[in-house]
Amino acid sequence: MSIIDDIKESVIRGHIDVNSKYPPDLKDKPGVKDLVQKAINDQIDVSQILRQGLIAGMEMVGKKFSDGEYFVPDMLLSAQAMKGGVQLLEPLLKGEDTKKLGIVIIGTVRGDMHDIGKNLVGMMLEGGGFRVIDLGINTPPEKFIEKAREHPDAVIGMSALLTTTMENMRSSIKALRDNGLQNKVMIGGAATSQKFADEIKADGFTRDAAQSVQLVKKLLGIAA
Amino acid sequence: MSIIDDIKESVIRGHIDVNSKYPPDLKDKPGVKDLVQKAINDQIDVSQILRQGLIAGMEMVGKKFSDGEYFVPDMLLSAQAMKGGVQLLEPLLKGEDTKKLGIVIIGTVRGDMHDIGKNLVGMMLEGGGFRVIDLGINTPPEKFIEKAREHPDAVIGMSALLTTTMENMRSSIKALRDNGLQNKVMIGGAATSQKFADEIKADGFTRDAAQSVQLVKKLLGIAA
Amino acid sequence: MTFDKLTIAEPGDLIFGRAPKPLKFRRGFEIGSGQVFPEINFTLPQMIIDESSWQEVKQIYKDIIEEVCKRAVDLYTPALVVEFELLPPMTMNPDWGAEITGILAAKLEEFYKKYGLKSALRVTPVDIRDNDRPPLMRSGIMVGNMFKSFELCAQAGADILSIESTGGKEVHDEALVNADLQAIVFALGILAVNDMQFLWDKIVTIADRYNVIPGGDTACGFANTAMVLADKGMIPRTLAAVVRIASIVRSLQAYRQGAVGPGKDCAYEGPFIKIITGTPISMEGKSSACAHLSCLGNISSAYADLWSNESVQNIKLLSTYAPVVSVEQLIYDCRLMNIALKEGNASAIKYRDWMIKSDAFLDPQAYIFQPDIIFAVAQKIVDAASPYKMVLSAVGETLKILDHAISENALKINDTELRWIDILAMQFETLPADEGILIDSMKYSQYADKYLPEEYGIQ
Amino acid sequence: MTFDKLTIAEPGDLIFGRAPKPLKFRRGFEIGSGQVFPEINFTLPQMIIDESSWQEVKQIYKDIIEEVCKRAVDLYTPALVVEFELLPPMTMNPDWGAEITGILAAKLEEFYKKYGLKSALRVTPVDIRDNDRPPLMRSGIMVGNMFKSFELCAQAGADILSIESTGGKEVHDEALVNADLQAIVFALGILAVNDMQFLWDKIVTIADRYNVIPGGDTACGFANTAMVLADKGMIPRTLAAVVRIASIVRSLQAYRQGAVGPGKDCAYEGPFIKIITGTPISMEGKSSACAHLSCLGNISSAYADLWSNESVQNIKLLSTYAPVVSVEQLIYDCRLMNIALKEGNASAIKYRDWMIKSDAFLDPQAYIFQPDIIFAVAQKIVDAASPYKMVLSAVGETLKILDHAISENALKINDTELRWIDILAMQFETLPADEGILIDSMKYSQYADKYLPEEYGIQ
């Protein structure tokens, strides 16, 4: 098994380095950091390490999650492990490799303090290769507008869980448009639905974080 | 107890005439018809017989129904009894007494065969002194339009019980307006609500037949 | 198939989960042999059904069945019955109903293969003959489309065929608000029974041809209308109870023509049919409050082989879509019944009796659901010589029982109701023993123009 | 009030409808002395709450309470508890919450006088401190408005005060998705407990001043979040079970400060609190599927003194508005429990045990709801010396119990879960016995910037 495969495998298992005790059975064994360092020393093409090792591993992780074999914490461990590897590669990577797929601005709308769902979405998107700007909870339209101005190409993600804050998605979208901002907007949260998304002229909706990556790609025209 | 009171009482009890066996305890006793005839012979003012006897009695019946002391069949018996009396008075009555309060055109909208609720509404309205034109079930917009043309002052009542026929209320109302007809429209039926009525620009809504009389009066500006 | 004695000979043997004539289904399970299963129903949210919305309609049914099956698997339900109750346009255009049937059947098959979810699909076309007044029951385009609908749905993957048929309803609707017992008995004991004979003979033939199960019918349009009207205080609860009893015979007729169950959920006359025929029944109660309120919330589950929510629109609640909420509640209710059954007969009977005690003394409609009363009334039915006579003696028996219950103070009832017990008894006295006389007298009644005798094979 | 031993000394005495410390209410009934009553909750449909919509908001609450009370009377419910869970703007503007409280209280009073409907009103302001991150727990305008809200609602006619408080949540939310047991224990065993001490001391003072009942709190924001996440397959069910156990002590703290129950419906830790304190509890399960799905549908009713639907929007179903549907279902569920109770202890216990068997072996979160386990865990809690130590020994005990259950094959669980049992056990080993050490180490953790130690009275 090549070192690239080892890297991929340790990303999947979420084993950061030789000192990290998770997963129990890999304790004291070399982790992603160690292997990536070794690969670098062995002069292996860095973008191959990145793509066939780290990213390939993370893709498997996403799949395992969708298949119910992994939980969110499993994913987070892998994400951490991957980050460790990427940090070592960064100085050596050429531009196009580090470039993010795009920017997503997410926030829970005004009056709503639920953010676990939103946070998971953010996490998934980062894992999926996007830069995520999190505006937190209780986000007034002005804040969405401000950030949208700074990033006209960014996709905006709004979350709401209360029947009494859903309407703030409508007003936030309207505020964006009234200010001439054309950023694509996607929405989500327990109380929302595709029907509601259509009604308030949102560009996209998903019922769970997992699908949000696909959705953003679609909205940005990266994927169909 | 005056004969007027007797008439009122027999309307309330729904005792038509001496031959009718309902209600059991009044069997073989003079009923509304007999008493009204006697009153006429005694030269009592006919409009007094109508107002203080028959109509006053029917009003009590309505009240008893709202208070849960009467069922619909009780009301129907009284209504029949009253009709019997009115028939005797009609030839002697002056114009304004016979004049109806107004016209109501009711029907269950296209695609919907539920009509018990609608029929009850019609019954209540007749009891309440309105002329009711019943278009039956499965009523296409054209039929509403045709009748509305004939009676521009009539109130139109639409009924629908299916989530999949409610929308036909919207289209029926639109059709009326598109044809320049301004008849007031009220709606009802299990699936409908005030919210839905507002949404489809209906002029009125009630959850039950009892309230429909008040509603029509309001729509016709007869009552506040 | 005539039933001249009770298949369940002991009131003590009438219980949820067990029926003398269980039914086997191809996706791996049996109804009536010791377990109660959820039967989930659902319908469209507020929308129009036409060509323009058809794609959306299909998508909605796809979403519903997917979510419902997922939840059923998550909660380890031993088996799931799904009812697809067509909406009128889906029967008027038989292809549409068949298309949805196909979608549902395919998904059930998929979940059976993937996750071992055992299931059966009940399909219920609409009795669109009711579209015209007076309705044409045996001729005309509606009749044609209705039977076509059964045919195509059977082909498309239905496991069970049912219908809420409406023969006689055109008379019954008005008779009901008039509390006119004579017309009610005419509608249910003569018109309805004749139509059931005609209708179910054909449905059974179709079912046999495609080798699907001819389920059963329901007096929904008669007795449930009465139940809803009584609940709204529009007609006496006693009358609603009598109408329920008077409707047993017309629903029973389906089984005489060859239906084998499971009875339809909204057929609250089911327990009477179960004790007579021994076929499994579907019931609904508190579980179907989303579809109509009722005074039979618990007692209705005492004899259920399937436990249903009757129907709910696909709208979003705080947790998820309403059909998923319903299926979860049904599954939990069934778990309790199945645990009691597993513990043995004593426990099951104990639980059954709690369900009965819960409601029986609070409403005449619930009172008649006690095992000994079901037994007594059913006995009267099997003993009688003709459908009309069955209705007469069942109604007579019921009036006696209610009268007795009231004088014994065994039943909560208010004065407004009391008055009506007497009136109904009086009316009952005037019913002729010979149905011919009734048929003739109806020709000159206020109902004469509501129905077409020839459409019921009577002059 | 310290609890150094179990008030309910026998697992066999832990049952629905009976609590050693029943509660009396002015509108004519008692909770915990032999009957289970429905607790109905409802909320607004999709809409904005502001000056412009306020009239409509009030009308909606008026309609709901009217319809709900009508149905409760029609179904002869022995008594009805209504919960009004404020929405954030109603606590931010304390007058608004009080106005709705007044509307509801007046209607309950009217139905009590007119129809003898016994009732009590629970009012639950929002923990709006959660509005800022990191939140100010003891200072600032939010704190002021929150207590003002309690005060005005108590004045306006509340009978019971409750809250879903969120102290420590700012750490717990992230700890949860990281499955970081150390941070979870810190959040629940230290931050949350300290906040409960501060918060409930004040709530009890307010309650006493207006002579209303200080009900109880709920770990909804912690353990129900975990339950929902687990149900969505996002975190291990085992973790959710552990979080539930770890949350008992923070909810118990309310009672140490003087709360007397009834516990809040969504506090699934209720049974543990009931066995320790002897106070009546409200529970929810299949009845609250409209609010969130769950794996505790039946078992949660095994110890309930009130039976709740948690919450449902006021939207129209096929029968009527959703809150009326919920209250009907609750009433029927309660009828069964009350009949079993009336039949005597053996019957009640039998029914309780069916509820337990129904769910206990299908999910770790349900498994820990068995009487002997509740007893064992509660015992560990009352035996421990400090809140932190209580959490440690309760969690330790639970991990042991689950591990044993799995090795005995007494609990359905899949491999993905199995992996996590070991990880959690490992993490548990690393927890320091001295909370000071944990407090210090958290200062340098990834959670350091999430919370303000001084707002919890720690450095």
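Letters A, B, C and D mark the chains as written, and numbering starts fresh at 1 in each.
By our rule, contacts are C-beta pairs under 8 Å (C-beta built on N, C-alpha and C of every residue); 3 or more make two chains touch, one makes a residue touch a chain.
Just so we're clear, the structure is a prediction, and the values are computed from it rather than from any experiment.
K.L.:
Rounded to the nearest whole Å, what is the centre-to-centre distance of subunit A and subunit D, using the mean of the C-alpha atoms as each centre?
P.N.:
Centre separation, subunit A to subunit D: 33 Å.
K.L.:
Can you work out the whole-Å distance between the CA centroids of subunit A and subunit C?
P.N.:
Here subunit A and subunit C have centroids separated by 52 Å.
K.L.:
Report, in whole Å, the distance between the mean C-alpha point of subunit C and the mean C-alpha point of subunit D.
P.N.:
One centre to the other, that is 40 Å.
K.L.:
Residue numbers in subunit C touching 2 or more other chains?
P.N.:
Residue numbers touching two or more other chains: 43, 313, 318-319.
K.L.:
Among the residues of subunit B, which are close enough to touch at least two other chains?
P.N.:
Correct list: 163, 191.
K.L.:
Based on the touch definition given at the start, go ahead and assign the chain network to line, ring, star, complete or other.
P.N.:
Shape = other; not a path, cycle, star or full graph.
K.L.:
So which chains end up touching which?
P.N.:
Taking the chains two at a time, the touching pairs are A-C, A-D, B-C, B-D, C-D.
K.L.:
In the complex of these two chains, what residues of subunit C are touching subunit B?
P.N.:
Within the complex, subunit C contacts subunit B at residues 43-49, 87-89, 130-131, 133, 173-174, 176-179, 225, 229, 232-236, 313, 416, 419-420, 422-423, 426.
K.L.:
Please name which positions on subunit C make contact with subunit D in the complex.
P.N.:
So the residues of subunit C in touch with subunit D come to 43, 71, 74-76, 231, 285-287, 289-295, 297-298, 311-313, 315, 317-320, 322, 324-325, 328-329, 331-333, 335-336, 339-340, 343, 347, 350-351, 354-355, 357-359, 362, 412.
K.L.:
Quick one: which bits of subunit B touch subunit D in the complex? Just the residue numbers, please.
P.N.:
163, 190-191, 193
K.L.:
If you look only at subunit A, which of its residues touch subunit D in the complex?
P.N.:
Those in contact with subunit D are residues 21-24, 68-73, 76, 111, 113, 115-116, 119-120, 123, 136-138, 162-164, 166-168, 191, 196, 208.
K.L.:
Show me the residue ranges of subunit C that touch subunit A in the complex, using the header's touch definition.
P.N.:
The touching residues are 316, 318-319.
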